[in-house]
Structure formats: C-alpha cells, structure tokens
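Structure first, then comments.
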Amino acid sequence: MSAYEPKIVGIFCNWCAYTAADLAGISRMKYAPNVRIIRVMCSGRFDPQMVFWAFKHGADGVLIAGCHPGDCHYQEGNYKALRRYKLLQKLLDQLGIERERVRLEWISASEGEKVKQVIDEMTETLRRLGPLKIQEAPGEEAAAAPAAGGGHHG
Amino acid sequence: MEIQRTIKYEAELDRQFAYEIAQSPGAETLFECIQCGACSAACPVSIYMDLTPRRVIAMTREGFKHEVLSSLTIWLCSSCYACTVECPVGIKVTDVMYALKQRAIKEGYGPRKVLTRLLAQSFFQAVKEDGRATERKVMLRLYRRAGLDHLIRMAPLGLKLWRTGRLSAFGTERIKNPAEVRTLLECLEEQEGGKSP
Amino acid sequence: MSGYAYYPGCSLLGTGKSYDESVRAVFEALGVPLQELENWNCCGATAYSSIDECTAFALAARNLALAHRRGDPILAPCPNCYLVLTKTQRYLEQYPEIRQRIVQTLERLGLNLGHDVPIRHPLQVLSETPGLEAIRQKIQKPLKGLRVAPYYGCLLARPYPIVEDPWNTTILEDFIRVTGAEVVPYAYRTRCCGGALTGVVREAGLRMVYILLREALRQGAQAVVTTCPLCQFNLEAFQDQALRKNGIQERIPVLYFTQLLGLALGLPPKKLGLHRHLIPFQPQRKALQEAVA
Amino acid sequence: MKGNGEVPRIGVYVCDCGTNIAGKVRVAEVVEFARDLPGVVVAREYKYMCSDPGQDLIKRDIQEYNLNRIVVASCSPLLHEHTFRKATAEGGLNPYLVHHVNIREDVSWVHEDSDEATRKAKAIVHGAVLRVAWQKPLEPQSVPVRDSALVVGGGIAGISAALTLAEAGKQVYLVEREPTIGGHMAKFDKTFPTLDCAACILTPKMTAVKDHPNITLITYAEVEEVDGYVGNFKVKVRKKPRYVHEDRCVGCLECIEACVFKEPRFPNEFDLGLSKRKPVYIPFPQAVPPVVTIDPDTCLYLRFGKCKKTCVEACGDRNAIDFDMKPETLELEVGTIILATGFKTFDPTRTPKYGYGRFPEVYTSLEIERLVNSSGPTGGEVVMRNGQKPKRVGIIHCVGSRDKNTNPWCSKVCCMYSLKLAHLIHERSGAEVYNFYIDMRTPGKGYEEFYNRLAKEGVHLIRGRVAEVTDAPLHPEEEGKLIIRVEDTNIGVVRRIPVDMVVLAVGLEPQPDADEVRRLFNISCSTEGWFLERHPKLAPVETFTDGVFVAGACQGPKDIPETVAQAQAAAANALALMDKGSVEMEPNVARVNEELCSGCHICIGLCPYGAISFNEEKKVAEVNEVLCKGCGTCTAACPSGALSQNLFSDHEVFSEIMGVLL
C-alpha cells in the first residue's frame, strides 16, 4: 500500500445525497476520508466544467450524487446530470482520463449505507489508479479563484 | 445436600474467544443476537442438548469458552440448518456450531469418545487417503476407535447392508489420483499452519 | 456439452446404491443425458466442516472446477452434496480471501474454479426437462391408490432451497401425483431425520426417526418417498429399532422419488435397485394390485 | 476583492460540539490554520456554536472587527444553517453572507483517524473561506400562504389534525380512501392501557369532523395529482363513485334491507372477512359519513346490468341511489398539506411456519380485535371459525417484526396490544392465555402498570420466539390441537404447548402504496418505506418539502396517544405557516446577466417549472423568480455564463471546489 491518498470532490444534492451523508454520520458509519463533499441544491447543478476545474486544482476524482431517477426534488435535474455525465465520459476517453475518476451515483436520503459503500469503493478504485496524470496547458496561471465573469466557461 | 458455587468471575472468561468465533464465515452477526430462542425452538435435537443453541450463542458472546467447548450441544448438532433459516438477525447458527467443533477438536476439548467427533475425524482421514469416503471404511474406523461394543452393536445392520449390496465389503472407492486431493488439502493446511486433527 | 455432469457422491456408491441406480435408469428412460463427472472427489459433507472449514471448501471447489472445465451443469442427487457444493460456491463469492487461497491452490493442480457452474438436483432438472406433463404422458403403470408421504428432508429446503418458496412448494408432491399415487399431508416433510446422529448418538437419532415415521403412519401413508440417501438410510435401517422401541408393529417402506417414478414409468424393479431395500415395497404393491383388481 | 468590490473581512467559527467534533478533529489546529487564510480577520473555537453564547460571539465580532463574511464549521447545515443566518442578521449583516460547513456528520462522526479528520476539516474550512468571499447580500422573496389545508387520511391522525386546524378557523379538506373515516382505530374494541372503549372516544371525533363547518370531508377518494409549492398547492382529488348521493342518503339503511340478496354473502372488509355484507352496505353502524356504498364488483346491476333494483325502490323519493354515477375529479387549492395515511398490518402468510391460512384457528391480531369487539361479527364473543370457544389461546408476539427475514424493526405497539388482547380474550372466554414474547416492551404512561396487571391476572408470559405452529401431535394431550413449539428462554427448556387458538401479533408496515404517495407529494421515505421526517428529533413532523407535514403511523409505528400528539403537532406547524400568512423562500433563484446572454434558448427548455422565458425585445432570457425553485440546472447549462444561481454561482461553487482540494 503506497502512501498515496486520492483526493475526491463530492458534488452532492441537498435533498437526497447530502441528507444520506448526514444519515451516515448520524449512524456513525466509518468511511474513507478522501471525499470532500460540496452541497448543491440539485445534481442538475452539476457542470462538467467542475470536473476539469477540480482536476486542475489537484483532484484525482469527482463523485456526483443525486436522487434516484424519478425522485428528483426538482422533477428531473438528475436526468440532466446523467446526460452531462454521459457526454463527459466520452470527453474523458478522448483526453485519456480514466472513466472511473468521475462517478455518478443515485443515493436516496435513507441510503446512508450507500454513501459509505460508494465512497469506500471509489477511494479504493482511485488508490489503484494512482494520481491523475494530466498536462497543464502552458501559460495558464494557477488562479486563486475563477476569473471574473465566468471565465472558466470561455 | 451438596451445593455448588456458580458465580463466574470476569477473569475466568475469554473475551477474545467471542471475537475469534465471530470471525468465522457465517458468524459475523454473532453479537447481534437478541436471545429470542428461535434457534433452540426450531432445533429438532435441542431437547437433548445440555445447553440450548441460544445459550451457546450467549455464552460464546460473553467468553464462556470452557463451558461452550465442553458442551454436548456442539456434537449433537445434525446440521439441518433449521436454526440458520429461523434466526431473525441472520446468525448462521449451523456455521457457528462448525466453528465451535473445530475449536474443540483443535484444543482437545470434550470427552474423547464423543462419536460425532470420531466420525468427523475418521471421515477426514478417509477422504485424505482416497479422495472419497467409502462408508464401510469410515464406519469401521469409527467403531474401531469407539470400542468393540459399538462395533458389535452395528454388526447386524452392517451384515444386512452387505447382503443387499449397499456396503461394499472389500473394495475401496478411490479417485484415480488421490494424491491430487492430498496435495490440495496439504497446501491449505500449510497456509493455515497445520490444522489437521 | 455431454449432458449433466453427474455427481453421485460417496453415499450413492454405498448405502444409497439404489438411488444411483434409479437416477440413472429414470434419466435414461426420460432421455435426459447424464455422464458421471470424471474423477470427482468427496464433497466434504458436514463432517468435514467440523474439522476445518477451509479445506472443506477446497474439496467441494475441486469438483466445481472439474465441472467448470467440462462445461456442464452439475447434477447432484444427494442433498448433502447439493448443499455443500452450493454453499461453497456462495461462500467463495462472499469471502474473497478464502476464495483467493482456494483459487491459488487449485491453480497448482491446473484447475480453474470458475464462478457459476450450475448445481442442480434431479427434482429441479426433471421438472423442467422433460417437465411434468411430458412425464405424465410416459407413465405406463400408474400407482393408483398408493398413499405416499412426501419427505424432502432438510437440505433441499434450506438454507439454499431448490425452489423459491420451500414452505409452499409442491415439487416433490407433484412428482408423486404424476406417478398416480396419492399424497398424504405430511407436516414433517422438511424436518431433520437425524442425519449422522443415528450412528453416533443413538437415542437422539432413533427418536427423530420415530417422529417422522409415526406421523407418516398416522396419516395413513403406505410409503415414504425421499430425495436423500441419508434420510432413506435412517428411516429404513433404523426403522425397526425406532418403532419397536415405541411399541409400533407396522413397518413402512422408504423409497427414493426416482424409484417411485421409475416404477410408474414401467421400469423393472431390479433396475431401480428395489431389491436392495430392507423393507420391501413389493407386498404393498401386491395388496394394491389386489385392491385395484 | 470579490463580487461587489468589498474587501472581505471574514470571521471563522469552528465548533467543538462538545466532544462530537473536538473528540476527533483537533479544532485548535483548524482555527490556527483558518486564521492565516486570505481575508480572515478572526478565527475562533467554541464549545457549542449553536448556543446563545456561541451566536453572540458572531454578533459581537461582526461589530467589533467590522466583519462582512462569516464561516461556521460545525454540524450539518441542514440542522443549523438557519441558526447562523439568524445570528449573522442579528449582528447586522445580511444573513446570506454566512456559509455553514459540516465537519461533524461529514468528518468527525465518520472518520477514525484524527490526522485525517483534521486535514479534511481544514480543507472544508478552506473551501468555505474561499467561497464566502463571493457571497452576495440577498433578499428572500416572500410568497403568500393560503388559509386552507389538505389532510390526507381519515384515521385517528387525520381526524385529530383536521379538527385542530378547523378549530383554529382554517378551511380543511379531509380526503379518505375508504367509504368511512375512522381508520384502524375504528376496528378496535378497547384501547390500552386504560381499556376505554375505542368507539366511545373515536366516534364523537368522527361526528365532529362531519359536522364541522370548516371541514370538507371527501371520502372514497384519493389524491391524484399535486402541483405548486408551499402556500400554494394545487391538488386534484379523484372521487370514486359510491353510487349513492351522500347529500341525499339519510342513512336509514332500508336499501340494504331491500337488496335482492336476502342474506349478506360477501366478505365484509371492515370485519376482515369475519362477517358478510351485501353489495349495498355500510362498513359499520357508526360510519362517517353515515351513508351506504354500493360495491360495483358484487352489485348485480352494476356487474350485469340486470337487477330488480329493489334498493332504488326502497330509497323512494329520496332518490339517493344513482347507478350512473361517474368518478369525479375535484380541484383544491391549499396552503399546507398533512399526510396521515397510516399503516398496514403485516401479512402473516409471509411467515408460513405459523400456519396462517393453513390452520383456520390461527388469527391475526386485527381479526381478534373484531372478534372481541362488542359491535363485531360475534358481538364480542370469542368464538372460533369452528364455532367453538377456545380453552387455551397462544398469542405470538413479533410476527413480522424484529426479523431480518421479514421486517427488522420493532412495531412498538404489539406488546401492549397483545397484553390487551390477552386480557380481553381471558375476560370474554375464560380461556387460559399464553403470550410468547421476545422482549416485553411497555414504555409509556401506565403501560408497565398494565403489564403488571396482566401478570397478576395469571396470563402465562413465556419469553421466547415461537419457531413453529403445527398440528402434528407427539403426545396424547396434543391430539386435535395446534401445538406451539418454543424455547422458554427464562428456563432454558424447549416446550410444546397445545392450544385451541393462535393469535399472531402482526407488526406494522408502511402502506403498500407509500412509495407512490411519497412521489406524489415529493417527500422521501426511509429504507423501510416510512415517510421521512425532516429531522428525527428537531423536525419530527416536517418533511423535506416545505408545507408538507406528516402525522401518525405513516411516519413509523406509533400508538394512539403518540399519533394524536403528532397529528396535533403537525396541525400546529401548518397553522404557524398559515397564520403568518406568508413564507420566505430561499433566495437561491437563478438570474440572467443580460449582457452575457446570447439568447441561445438552451435554458428555457431545461427549466422544469417554465420559469425562464425569452424577452423578444431584449433578445435575452428572463427568469421569473416566483416560479424558479432554485435547482441550478440552467446555471450549469448556460454556455455563456449568463445564468447564475444565487448562493450557488460559479464563483461560489468553483472557489469551494478549489478550496477543499487543499
């Protein structure tokens, strides 16, 4: 076992996945500390740019978690996330980035156990894959924050 | 009137024992036991047991190693799995019984002449030699170990079976290369650090 | 594919000889191909698990690997073998560490475990191919008027039942009815026969045998039909002692379901191994024939 | 310099939460770390940030250090975000300039290694500090709340909630699926532990519902569609035809008498099939509304179109019977919704070992409730299906409860109702009663005393889970009996107890359609299928959907006192919303930066609420903030970065991502 520990950004929807993570906490489940969870209202807020932004800033993987199909608090945001995720996977292939580094999961508010299981699994997978190897585009500054005016979309 | 002290001091218990048993496949939920007794009630042999299966679980969990490994219960289990399917918390009680039997044999517990145990050992040897268990061979070995009276008691039945061709008198069932099975077993025993009885 | 990889197990070579004979005869008569799994070894049975779980799994695993190599599903008439093989397969999926050890060891013997060799019991197989309806068409000597207690024993019903809902299943009963015989209600159809206890803890074993036989007699059964060599052996070989001890004079033959089926299919009793039984089935049949005539 | 050109002056507050956080995370180290982050002016550790002194700390620092951004790292924002927003506002800052992150549920409670936990807590605080700098002052929108409520389910929970709301002057619609309200409680004879008659306490409430001017009772109906949001729900209710006009039927029951079926022939659902009814029937004499219903599956006219229609004749001028009645859809507009859809009892055919369905003298506890009920099928006599009175009865607890093979949870009410039934059976029949229990659970006011009373009455209390009920005797005393096999675990011996009658104390389960109902109302269910409350302790009747509340056993097993308490609590919560008259919406709506919008229309099709439209004049997208629910889907999709979700703008989210990657 190497000393390498992957860093994973979690994009969790408020109503299901984030609540489930709370439940995992309340139930005192123990899981790998590698995922840093960021709360958004809906997995529909997930933007593939977030993945590249995260990779650029040192992430080895991104975990997006939303409500099960049909259960979205906002009717269908999770389907939108799924669509973007599918496109993103193709893009990852082209860039030579392993698909396993970005994972989309449906986790309902009652599935604390699944939070644990998914995080442990993904951490284990990324440990095996090792650090993300991606070449920084020359000349790009390591900005302290995204450039004003949504520059990262440019 | 003879009286006996039954108090159990904590120092006499083996806490580790419970954790070791809970390690064996099927016994993972040992500590979740709610002591409902469904296992004992479902067990067709519990009426003969000195400790009901429920008590075996409770005592295992609390580290009553000596009592559990010396009990008749583990040798009376007929592996019918009635307890296992009944258990409301998913303890595979039959597997716990196996784990306890293994421990008892390994640590030399219990009366040597418990037939169940001799049967297991005779069977084990036969399979190791031939790759198969010829019933006649296993039985003969068992009752020889158990004592002459057992052998005599079983003789009439043996004779009947022999007459109907259900107990091959001479031949031994053997696979083509028993050595293969032996290798298989020995390999694993090596890994285990020598576990054969 | 050369038909089912027939795995008789040790008992079917000894006390369960007639089970072996009747399985082969019935499968042949129904045109379901089977061929013995070459060089199979003992499944490990329950006794082996008492010594060491891991080596018990290894024994069963070798057979699974042999069948995997051959590429055929295993046919295991002995419920004990059926259980041990199934349990091993399940546990090796569930416990990757044990699997790892066994896979490595098997590799040294040039064997590959595989994952999902189907393990089937003749009840399952025959109810699908040729299926009960097809069997019904082939019945030549229906066993009309014969009252039979259906006895599954433990291990086909639990913990890995051959049918989805073991409490409500009628798979064995259906076979009995196909032969033309009548099924009596039998509350103890999945109660333990005592297993190895008859041989090692006599008193307990005999009591268990007695309970099963008494209920069959109480329900007016003229035969008990089993699916297991150990059940058959216990109920037959210890019947005399068990019933005599409780003051019961009657005796009841104990048959394999394949024997019952074979008789109805018109196969000669000898081919079905009926001559090996200690409590003959013949007299009842005669009485029956008289009753019918 | 962020967003609005201000230099951020950030205060960071890291909570110990007693030892909940500090036991794992080295809080002082996190505070030290935070102090050096850009923009941070002050960083503090405190034992309980949510306490008054904790909040005061924030308020004081805002004044003293002229802070303009706050970060609190403590428990889940789902629990206390509101608390810290309030404190921030009281300190004189806009409440949306605080960011609350979670280092308890997401860190200290789920990780074992102190170093790892501390490192992760720092990363999370880092993310929050970078993000909060981008946060902007926001003004929440306020929407009006209608002064009317929908209560779904007419059991004791729904009845209690409806009456409380109606008494407070709110317009209430009570929707019930069955032809009558009353629910399970109406089936009971006595209630534990006081043994007061269920009908005596329930029927006045049922009548009160019917008579209350503020309550519109809609029975034999189900909610079909729910639209809108807190304060403004639009609900469609489908009313099944009962082929009788409720307003014309006077409940004389002459039609039943006149029905061409001279004798009742069909199983009466209310008596669980223990009695028979005719196609035209009333579930029980005290039913509310007190009108008859015609069952289309058994009525000759409705099935075959041919009948003498003697019922119509009997009804005469009242003209209440109408065979042409069609399903009807009602549209309601309400401000709040209370779900009180109740439970179902466990189906014991799933535990075949107890012989239910196989042995006629094995009953469920609910069947026994009817059997001992003085208005039940036997007038309260304990008479078995075979017409005899039992001499010995076994009550098996925990059927379909506390069992991984069926339902793992404790159904909470069975111990007490089993004791009650033991008492009633003994009282009515003189039978000897055995109770087989795993653990006797009698917490509750007067409950343990009731248990003591039963013990004194001589009920056999045997601790052990029954393995099997069989009719195969092994002993002369067992001939013709049902035999219960159990380990008497107090003694450590296996016993076989022959009885005449077996009662299965079936557990409580979610309604079979709970999942559909929860989708309808956009709420969550627990793994078991119970409706999920917003917080198990602090918001037990709220749900994750604002304005929707839960009451009674649809949220988990409950007895009557608890159910009523919860129903009234739900009503109080709904009242608070309605009385306030308006509700502040989270201002996390999307906005369009008109200068950046290219008018591509992508967002318009994506919005599930139709909140985005196209301004033909300006050629840009426009967000209707009243309709926007704040999911952020459009923000993620906008190719030009013109759309931005308040509180979750790209700046905010991307900075947080960067920050947590410490």
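Chains: A, B, C and D, in written order; residue numbering restarts at 1 for each.
Here, a residue touches a chain if its C-beta (ideal position, glycine included) is under 8 Å from a C-beta of that chain, and two chains touch if they have at least 3 such contacts.
These figures come from a predicted structure and were not determined experimentally.
Simply put, of B-D and A-D, more C-beta pairs touch at A-D.
Inter-chain spacing, taken between the CA centroids of chain A and chain B, is 51 Å.
One simple way to say how far apart two chains are is to compare their mean CA positions; for chain B and chain D this gives 49 Å.
Between chain A and chain D, the centres computed from C-alpha atoms are 32 Å apart. Listed for chain D are residues 353, each touching two or more other chains.
Chain C has residues 211 in contact with two or more other chains. Within chain A, not a single residue touches two or more of the remaining chains. Of all possible chain pairs, the ones that touch are A-D, B-C, B-D, C-D. Of all residues in chain C, only 10-11, 13-18, 39-42, 44-55, 58-59, 62, 91, 94-95, 98, 101-102, 105-106, 108-109, 154-155, 158-159, 191-192, 194-197, 199-201, 203-204, 208, 211, 237, 275-278 touch chain B in the complex they form.
Against chain C, the residues of chain B that register as touching in their complex are 24-26, 44-45, 48, 75-76, 78-82, 84-85, 92, 94-95, 98-99, 101-102, 105, 114-121, 123-124, 127, 131-136, 139, 142, 154, 157, 160-161, 164-168, 173, 175-177, 180-181, 183-185, 187-189, 191-192, 195-197. Touching chain D in their complex are the following residues of chain B: 34-38, 40-43, 46-47, 51-52, 54-55, 82, 85-90. Those residues of chain C that touch chain D in the complex are listed here as 167-168, 187-188, 211, 214-215, 218. Residue ranges on chain D touching chain A, taken from their complex, read 2, 38, 76-79, 102, 104-107, 109-113, 116-117, 119-120, 123-124, 127, 130, 133-134, 519, 522, 524-527, 532, 536, 544-545, 588, 596, 606, 608, 629-633, 635-641, 644-645, 648, 650-651, 653-658, 660-661.
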